[in-house]
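The structure that follows is given in the form of structure tokens.
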Amino acid sequence: MGKSAFQLERLTFFSDAVFAIAITLLIIEVHVPHIGNGDDGAFLSALHELQPSFMGFVLSFLVIGALWVAHHRVFGMLADYSPAIMWPNMLLLMAVAFMPFATAFMSSAPLARVPEMFYSGTLLVAGLLQRMLFTRALRAPYLRHELAPELVSATRWRSWGLPTAAALSLVIAWFAPGWNNLVLIGIPLLVRLYAMMGRRRALRLASAPATA
Amino acid sequence: MGKSAFQLERLTFFSDAVFAIAITLLIIEVHVPHIGNGDDGAFLSALHELQPSFMGFVLSFLVIGALWVAHHRVFGMLADYSPAIMWPNMLLLMAVAFMPFATAFMSSAPLARVPEMFYSGTLLVAGLLQRMLFTRALRAPYLRHELAPELVSATRWRSWGLPTAAALSLVIAWFAPGWNNLVLIGIPLLVRLYAMMGRRRALRLASAPATA
Amino acid sequence: MGKSAFQLERLTFFSDAVFAIAITLLIIEVHVPHIGNGDDGAFLSALHELQPSFMGFVLSFLVIGALWVAHHRVFGMLADYSPAIMWPNMLLLMAVAFMPFATAFMSSAPLARVPEMFYSGTLLVAGLLQRMLFTRALRAPYLRHELAPELVSATRWRSWGLPTAAALSLVIAWFAPGWNNLVLIGIPLLVRLYAMMGRRRALRLASAPATA
Amino acid sequence: MGKSAFQLERLTFFSDAVFAIAITLLIIEVHVPHIGNGDDGAFLSALHELQPSFMGFVLSFLVIGALWVAHHRVFGMLADYSPAIMWPNMLLLMAVAFMPFATAFMSSAPLARVPEMFYSGTLLVAGLLQRMLFTRALRAPYLRHELAPELVSATRWRSWGLPTAAALSLVIAWFAPGWNNLVLIGIPLLVRLYAMMGRRRALRLASAPATA
């Protein structure tokens, strides 16, 4: 393994660690109820009151998980890296590290407008930073040479999935706070649509007569 | 090391990090008593009151530790991985990351029915997700070729140990909350029994006249 | 990969993990407001009150991020390591691990003199420890042989950037607490200046007639 | 890299992650004072009151750091590993993960007998578990073949340093709680003494006429 590959590996590992810590810290913000000697009903109602926190935990776990899976996919396509991705990567990690706060804030008042918009806004920023990072990383000299251009194009396009859903969620949060998060269920579909568009576009370009 | 091996390594590494963080965060939920200028008796009784938290810490440390050891064993058998294990792995990690909450909830009322059943239920979910992950991971094209089929079968079967014990513990918690955790001591035995059954089954199948 | 390279990799990895945890723990110190059923204004003013915490989070994220990027750069230049860097590295990690406290203390009273000087002082200590580590690590027998001497010299010199800015910030904090952090914006410029000085110095030495 | 080496690497990385998290979580237990609009004196006295917490942070950082450095040294001597070290390693990690609690408990009442003895006791347990792990790991079939027997013997013996100092500290804590931690300063000396004894013993054995 060359030195440059090791430097890329270390960047990946550092990123993995931040993803892993942020995703695990989510549970710290779910505060354990201290009831002492209560009957079953007291415990059940305490759990019931925590429902928004549980839902926030699951939602953000899936979102950070999806961000990591995408990071894993994109960095798996690289043979080398440009120093120009160091800080975009750090900014993405900053948004990821901020997620436990945004999640806890939203869960503290799950039907209020401001916390919901704050959460959607955080997702939007994370999505745009991810998009910026992937665009910079997936450039010709750094890609593994055996990759098909339409695969690279599809990967670049699918990163529009999260920001699109987050922007929609942000708008809906204004009118129907709390329900807006349902939009996020559509992310896997959106991602697939964008990937398809990216693939088609690359194939169309390839089949067009070369002009250069 | 090929790219695919590196991608598997990174998946393993990310999982390790989540296991390591969840296992270490357990201690955060054990709240430090602040007594100030007390005599020895005051400190000793404060420690005494923390006993359920200490026991919860040790129990969950061993459970998460065992989940990690099993993960380490199974992924050590893989030469490659199917993308179909990404999300089952993520769901297992979600259950692991949830453990500090379930542990602290149980420790806050160690003889109450609801917290005990909540804890056993969390273990059951973790055990079933682990089972699902291992079944998907341990498939022919992804296994290292030198592995004996009976070893693979034993490894697949032993993952029934945790869900079996957790299901028993869940039932017992209804009748004798707090005592149900004693069942978990039997996990090493259960795991060995299941492994033996898996090995025998594979050997029986191998010695049977081939029909395909 | 030889054993010595693996030992260096493990040292790097352990350091990465501490950097990653410290950078992610920053968010734990931003306390989530619990308002319950407030109107939009109540939530907005709660967010407004958190502004110093958000700024502290961003500032310290960038500082720890920069410390990691520098660590990544310097260790990428090494082919081997001296046991003499183990404890300087550990002391640097101690300063990094201390950052979440210093950040939260500063954010709790962003215009007070003592917390601001405490924060700048922490940065100064971290900067000097980093400087000490890099000087010990970047020595002839441990460097990759293909590196140009002027690059090594520039890397050694640029580590004066953080301590210089932190010392300035510490002095200004006495007179204008809160405003002193603006100095830190100049770090990228300072680092570049020092790097240039280091490069020139090395080139001058190289072109001078050898006397040994 | 063979599969077995990778499994050893993963065990090491998991351990590193637990060490790194435990060492960084120490700061979480140092609670940030919230003074609001105080004068310089109010902030300075708040910092002064935190002095035991700062000292506990530094002490435990050095102790966990030393445990990690020793782990790094011993595992660097291994070419392979026995499955028999999995659980001793996990138990050592449990003691390490427990350190943030013991540290915070001691720091909350730095001159009280029970917290001091609790802390020394934790160190003693950690030291004995480390000793047990290293004895199991440093066995003939798993060692790198080029290692001199006297180096292995010295490494095995030096792991008596921490338990010896911790046991002394535990006894002194009974009579002079708070001062007992000064004993820990002697650890580097003790470790060197033990290493010397181990080396001599191995050389004596080697020069004795073989009887087998």
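Structural remarks
Per-chain numbering from 1; labels A, B, C and D assigned in written order.
We adopt the following convention: a contact is a pair of C-beta atoms (placed from the backbone, for glycine too) under 8 Å apart; a residue touches a chain by one contact, two chains touch by 3 or more.
Predicted, not measured: the structure shown is a model, and the values here were computed from it.
When the CA atoms of chain C are superposed on chain D, the rotation angle comes to 90 degrees, reported as a multiple of 5. Averaging C-alpha coordinates per chain places the centre of chain B 27 Å away from that of chain D.
Averaged C-alpha coordinates put the centre of chain B at 38 Å from the centre of chain C. The multi-chain contact residues of chain A, meaning those touching 2 or more other chains, are 1, 13, 17, 21, 25, 28. Under the contact rule stated at the top, the pairs of chains that touch are A-B, A-C, B-D, C-D.
On chain D, the positions that touch chain C within their shared complex are 1, 9, 12-13, 16-17, 19-21, 23-28, 30, 32-38, 40, 43-44, 47, 57-58, 61-62, 65, 68-69, 72, 75-76, 144. The touching residues of chain D, counted against chain B in their complex, run 1, 3, 6-7, 10-11, 13-14, 17-18, 21-22, 25, 28-29, 86-87, 90, 93-94, 97-98, 100-101, 104-105, 108-109, 112-115, 118.
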